[in-house]
Amino acid sequence: MALGIGCSSRPGKAGNNKTGSWRVFKPIFDHDKCTKCGMCKTICPEGCIEESEDDFFIPDETYCKGCGICAEECPSDAITMEQEEK
Amino acid sequence: MLEITEGSHAVAKAVKMSRPQVIAAYPITPQTHIVETLADMVANGELDAEYITVESEFSALSACIGASAAGSRTYSATTSQGLALMFEVCFNVSGMRLPIVMTIANRALGAPLSIWNDQQDSISLRDCGWIQFYAEDNQEATDLHYIAYKVAESVEVLLPAFVCFDGFILSHTYEPVDMLSQEDVDRYLPAYKPFQKLDSDDPISMGMYATPEYYLEFRYEHDQAMKRAKDVISKAGKEFGEMFGRDYSALVEGYRLEDADTAIVAMGSLCGTIKDSIDEMRLAGKKVGLLKIRCFRPFPAEEIRNALSHVKRVAVLDKNVSIGAKGAVAIEVRDALYGKTMPVLGYILGLGGRDVRISDIKNIISLAESGKGDQFYGLRTEVL
Amino acid sequence: MRELRIHGRGGQGSVTAAELIAVAAFEGGVYAQAFPAFGVERRGAPVQAFVRFNDHVIRLRSQVYEPDYIIVQDSTLIKDVNVFLGVKPGGIVIVNSGKKIDASVPAGVKLITIDATSIALEVLGLPITNTTLMGAFAAASGEIKFSALENALRHRFPGELAEKNIRAALKAFEIVKGGA
Amino acid sequence: MAENSCELFDSGHRACGGCGAALVSRLLLKATGKDVIIVSATGCMEVFSTPYPETAWKVPWIHSLFENNSAVASGIEAALKKQGRKEKVVAIGGDGSTFDIGMLCLSGAFERGHDFTYICYDNEAYMNTGIQRSGATPYDASTTTSPAGKCSKGNNRPKKDLPQILAAHGAPYVATASIAYPSDVVKKIEKALNTPGPCYVQIHAPCCTGWGFEGEKTLAIGKLAIETGLWVNFEMENGVVTRVKKVVRKPVESYLKEQKRFRHLFKPKINAEEIAKIQAIADKNAEKYGTDLKLKSKSGPVVP
Amino acid sequence: MLEITEGSHAVAKAVKMSRPQVIAAYPITPQTHIVETLADMVANGELDAEYITVESEFSALSACIGASAAGSRTYSATTSQGLALMFEVCFNVSGMRLPIVMTIANRALGAPLSIWNDQQDSISLRDCGWIQFYAEDNQEATDLHYIAYKVAESVEVLLPAFVCFDGFILSHTYEPVDMLSQEDVDRYLPAYKPFQKLDSDDPISMGMYATPEYYLEFRYEHDQAMKRAKDVISKAGKEFGEMFGRDYSALVEGYRLEDADTAIVAMGSLCGTIKDSIDEMRLAGKKVGLLKIRCFRPFPAEEIRNALSHVKRVAVLDKNVSIGAKGAVAIEVRDALYGKTMPVLGYILGLGGRDVRISDIKNIISLAESGKGDQFYGLRTEVL
Amino acid sequence: MAENSCELFDSGHRACGGCGAALVSRLLLKATGKDVIIVSATGCMEVFSTPYPETAWKVPWIHSLFENNSAVASGIEAALKKQGRKEKVVAIGGDGSTFDIGMLCLSGAFERGHDFTYICYDNEAYMNTGIQRSGATPYDASTTTSPAGKCSKGNNRPKKDLPQILAAHGAPYVATASIAYPSDVVKKIEKALNTPGPCYVQIHAPCCTGWGFEGEKTLAIGKLAIETGLWVNFEMENGVVTRVKKVVRKPVESYLKEQKRFRHLFKPKINAEEIAKIQAIADKNAEKYGTDLKLKSKSGPVVP
Amino acid sequence: MRELRIHGRGGQGSVTAAELIAVAAFEGGVYAQAFPAFGVERRGAPVQAFVRFNDHVIRLRSQVYEPDYIIVQDSTLIKDVNVFLGVKPGGIVIVNSGKKIDASVPAGVKLITIDATSIALEVLGLPITNTTLMGAFAAASGEIKFSALENALRHRFPGELAEKNIRAALKAFEIVKGGA
Amino acid sequence: MALGIGCSSRPGKAGNNKTGSWRVFKPIFDHDKCTKCGMCKTICPEGCIEESEDDFFIPDETYCKGCGICAEECPSDAITMEQEEK
């Protein structure tokens, strides 16, 4: 691998850093309560909440740091944080 | 075409013909005439470039970073305090491998403040990873700009370059200069094709930080690029010679050095005065020669060693001082000559505009012959 | 190599004079070098400028210490500055003055006084004497041809301004030629 | 790997969990879309998003130094103009880089009138280096260089009024926003991008690590700042305030007591005098910007 | 009293006991712990100083100029980009002859940005006319602050001083340090008596500019002061030894050098690792020794020459590189040894936080023995 | 030799004959008296007054660089405070050092609230280096870096509003003055010195050399600037304009045509369009500050 | 010379643990050196810290590559970081875990698991395990005396906080001592 | 003479520079017209107008640069500039 001249790089490698390993708590999404408002996706600092095929929102565990913002901000209280057993 | 013109104007014309797309500079004596001339060219539509009147040198070179990273050929000019204020940015430019060319109208560094010439400013940035050229006269100052762009932008190099010429002594002097035509310049220096650039169609991140896993390797690559620059400079200088008759393939140049007993080593406009002095001393039977260093970074250690191997003594003239040590050129020349046995003596002179005359050069040769050196030369002891 | 030193005041155009003399000399096939005494002087303060003339390339970069020629733009300078310092034996000193100069020129040096201010006022309508004195210099020294001076002035100044300056220079040129 | 094409700011970055600044990055790119060039100053955002070679930015991005993002942006803007390119130019920096060390380049770029947008993510201290005071640090906040102590009640200067300062530079559009209101952030950035000339958007970006609260509260704290009047969301066009977020104000305590940086105002005992001074700052803000929502009742501003 | 403490805290305590009256500093990793500790001391009334939280390093050192010129003992600390930003101010401080002491927690210089250790930052300011000390461990780092003030303020010297210690490697390391008591410090370093100051009862103008009539002489005087500093440092270091048992009279220090065939030359914390390596190599029968340079400015050329005259080869380790040339220490050591014949080889290593281990030192010795050098050491060739 | 004990600024300095900045030096020291420390930035004033060893300053004076007088002053103020000394601290700089390259240190010092007075002698360009544009250069003025030419009408940016910018920093006292009214200059400097905290006085100092007029007209030109409304003399206390010099306004031509830097607006032919723009600037100033003296007659402002 | 490596996450106090262990060792007359793996890691990210113990002055400045002791503050790290890397034969690894560890320790290395989180929650009311693990380390390694640890904690933390931490550490100390 | 450490100097030497030599025109004060208002002294950029024993104002020729400001500004037109014959 050659170095990127001047310490430059193309996008695409940030994902190598799997920040999911930082997580202590894990957001659990309750699709029964979810109104699909999309707030969680908007405000997740990791940008790791995706819309699934059925319009529900799910966190990408590879990157979710378990910060709990989504749970705190979900207007429908559809998300709860649980201590994770890895 | 040979025309008589002020050094600064000649440089400004050379810059104009190099077709920079963005110019950002901040006025400082004695660089002002260059940037004023460029501003005038832009104001009169002779030069189609963006001219940014920044609020400081820090921003001048920072704006150049932006412009160069966005893919434009970029130019700045400064000196002394201005260059000093750019110090952090200079390391940045080179580490980011942006081929910016900047003219340095060499001037002393304060305190005490001085607007007059020496070479402390660019010399004190010798670590910063820029190519450094020093011009003997305004012809060289002018030509070196084309060469600087060509070398800087070469993919083997991708490094910024200083073209240094002595403030006032050259910048404010009228003398004949053979100016290339725009067609000539265009043949020698084609339109700029950036190696990489900020572009939303092909996004990259530039200027990322390097953890200990990578930093050493980036610095190594930087140093290697500088070493590769030696060849690229030679080639570009040779090509220039072939096209226009003035050959700049050598990083160092001898004058009556072949049979010299005493070699003087110097950079910049001092070389002219030294040549006249040598001619006079030769007439008086003294075998003196000059080794002029045109390119100080990359440092031509081998070339210096080869050029000086036969002389009996070396006198290195420094228009700078590394306080608490010696003149920077003397230190590096001695490093280059390590293992040799002839005396290599340093003389610090001409600081802050102190004039250097033929008689001074002769005195220095006498000092060198009597083994005295590694000293300041030309002190007015009456004021000490 | 011949050397010229010009004394004047900030704002009087001494540096321009040096440049234009160099330009004119260059047109005559001479290698010329012109430069100011680098300083921080402001309008009114005494300043100097230099010209070197040579048959081949000039490499020397030191200031001028032993001039062959001296031009003094303003006789009031004589009191405060040693304008004759270092002048070469056989040298020529041109002083702008309407009166006799009482300062004593070194032996063997030729002193020419010319009332450039009056000429300038008359021809240009301004007491700006640098171009006038160039004419005097051309006549006295022979270093530059008047036609070359004309070209240099036309190159530097626009239209009528150039012509006026040429007329002023010519007047001085003729006076000095006549007087010589 | 999350190859999410609409998301221009990649996951995998190294911000603390719950980082407000990370959310700014995402909202910024949502507002700009891909036709933008970002100039980032040194600081948390740069550090958490671009260790070589793992950049989180999928748009052209450049970092040069801590102090010069506005100047670099100036150069980019000039180059784009010369090349006839149409990308928008955005400079982004933390409050330290913006309020303090970057002021030279910032003031110069605004004076020259370059067409670019400057975003300050304001976490009210130098976070990347370990929570030192900046010109944006609020009155009495304890930081590592303005520590509360026997002879100190924390930072002893009011927050520098940079929006006003830049408006006085003649900036056509100056706005403040908060990550607590994400769509407002996006809207204001879009407006700045579409206003010719140098525009400024200052975004309140609470920092759990530096302010001392749990990461999940990041937006909640941001809301409290606005609800107490210690942060005002407003827009200024050509120097005139044109829009203000109105609130029914809460006492400042409700904001202060949630954060360790203000703990010395409550422990060992409540420092009513200092809290009153902070309340006065909020009151002045409310008055200056007219943030107080007049309730239907005629009881006036709801400040207890 | 021997206590175990973080390097930064030890330095902060030493600074506090030096009784600075004005502190102006700007945070930058890894200097932060020093200035945070000082801020805390001020906030808690343990240190009666004005602490200015400036908006940049440029202002930090500029504020120090004001405070020092107004007659107060003055302190700052920085590193890397911060020091780079101070470049112009640094030349100013020294030219104005203001005895400011500044700690440098050495760190690499960007681009690429790196917060990790090497010595590029202070090395690249080697021309700027400040005294430069390099500490091997936190004991030295601490003690050198007292010595720095004493030397800087001496009327024979009147120069500012850097006390450099390796960022993180020392600054963030807990280890035992023998801290002086305040009484001890007061005995060694009495209250500050400025040589001259801004004072309306006896007005002077400071920082005037120098025309060509004077500039050279001012620079000469500056250089002479630096040369005089050598003796003053020796005396101050000796006095320190006499009072507190740790002698710092030598500007360079040998370790198992007397009978060494191969000498390593190095500065800073690397010396500790080298000493351990030497012990191991000695056990294996290799005659290796170390010459540690504690004071790089004034440059102890003679001392180095004397100390190394007997060895068969010299390996100079540089945590810096003058791009396009070599490591700065190697260049100057070769200059100092000019005329000698043993090989002097340079190795650039540990840049940007690349760890240096005992095995690395051993490898370098092998390289030196086989005559290979003047190179980067420790490259991860797989990423090149 | 003129040993004039009341005169704290010595004769023999090297300013151009008729220099407005030289007059500022004299008025400054008249206002400060001897118990002051002056910090001077690089620029004409520093250069004409302090070639070694011929200082014109009979009070303690220091120069360090072009960009840092505010920071040096900060350090002096801190040292004096620590030493219990009472001298006033004054930083002085030209418009280049103040509006442009000195902004970092200036903004920082004002943000920190040091007790000092900053004086800007405003000659509206970098004069010491040969008349280059600064942030204070007025619209359309031709300078060596904003030359009038085929594609240029001179400086294309309005004058930076530094008084307003520093007022937005929370400066308790901000004032403008002109050497055309010497006693007003002295009064305002005195007021600044006696107001605790960072104060700012910006003094219009016409420069015969740089603007292109005869030295004897220095004060006359200064008066014209005020009479045309292109310069407004005012005071601001805590951000509020409290005093304005009122005038019966003259058209801007009367000011412009006296100066070479505006010659291109009149020659080869009158550029009415540009002059109208400049008139609009004056009109805006007059409106903003309410400078127009209502004459007894009901004819309204005397703008033709 | 013995060496210890501590694995944890940003915010878990690994650096503090290293420092306090060094302080305690120093009190016991040992020359100790503690330092973090210098990085830019933020809250939650894996971090490391190191301690060296020696009978005389420690001059070595490289990082720790072959530790005698390893403390793992958080068993979830095991999945992502090779926490056992380089451990010396005969070394001791202390892992905070309430369960059996399924990762395989190198042969000859002693693995101690202790549920520090539960202890901390119980005694401190917070899941902050660094001080608890110090107790375990004191017991397992014998490098530091418990009384020295107590002093170090009292010196670092105010009043009751110190006592709580001491209680947590003691609990772990006794468990490990008992189990050993 | 020793150099002033750090390029510093005590006051008193500026007067060595006799700027009177720069003068081309010279102010002539007409004491008949003068009202002794002191304006000329206040505004002379050289600070070279002194009050004489009889309260009149006179320029110090050693330093007067002949700028003409005093003449221009004198409210009584008591000053005229004359070309100087040196």
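Think of it as A, B, C, D, E, F, G and H in the order they're written, each chain with its own count starting at 1.
By our rule, a contact is a pair of C-beta atoms (placed from the backbone, for glycine too) under 8 Å apart; a residue touches a chain by one contact, two chains touch by 3 or more.
Keep in mind the model is a prediction, meaning the values are calculated, not measured.
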{"item": "Third chains touching both chain D and chain A", "value": "B, E, G"}
{"item": "Taking each chain's C-alpha mean as its centre, the one farthest from chain D", "value": "C"}
{"item": "C-F compared against B-H, more contacting pairs", "value": "C-F"}
{"item": "Whole-Å gap separating chain C and chain H, where each centre is the average of the chain's CA atoms", "value": "31"}
{"item": "Rounded Å distance, chain C centre to chain E centre (Cα mean)", "value": "56"}
{"item": "Where chain E and chain F are represented by their mean Cα positions, the distance between them in whole Å", "value": "43"}
{"item": "Cα-centroid distance, chain A relative to chain C, in whole angstrom", "value": "81"}
{"item": "Multi-chain contact sites of chain D, meaning residues that touch two or more partners", "value": "14-15, 17, 19, 47, 51-53, 55, 57-58, 63-65, 67, 99-101, 103-104, 107-108, 111-112, 128, 135, 215"}
{"item": "Multi-chain contact sites of chain A, meaning residues that touch two or more partners", "value": "3-4, 6-7, 9-11, 18-19, 22-23, 65"}
{"item": "Where chain B touches two or more other chains, by residue", "value": "53, 55-56, 81, 85, 88, 92, 95-96, 110-113, 115-116, 203-211, 214, 217-218, 221, 353, 355, 383-384"}
{"item": "Contacting residues of chain E [partner chain G, same complex]", "value": "4, 6, 30, 115-117, 137, 166, 168-170, 172-176, 269-273, 275-276, 353, 355-358"}
{"item": "Complex contacts: residues of chain D adjacent to chain F", "value": "67, 99-101, 103-104, 107-108, 111-113, 135, 157-158, 160-161, 164-165, 167-170"}
{"item": "List of chain G residues in touch with chain E within their complex", "value": "18-19, 22-23, 26, 31-36, 38, 40, 58-63, 65"}
{"item": "Footprint of chain H on chain B - complex, ascending", "value": "111-112, 382-384"}
{"item": "Touching residues on chain B, where the partner in the complex is chain D", "value": "21-22, 24, 49-50, 52-56, 58-60, 62-72, 74, 88-89, 92, 96, 198-200, 203-211, 214"}
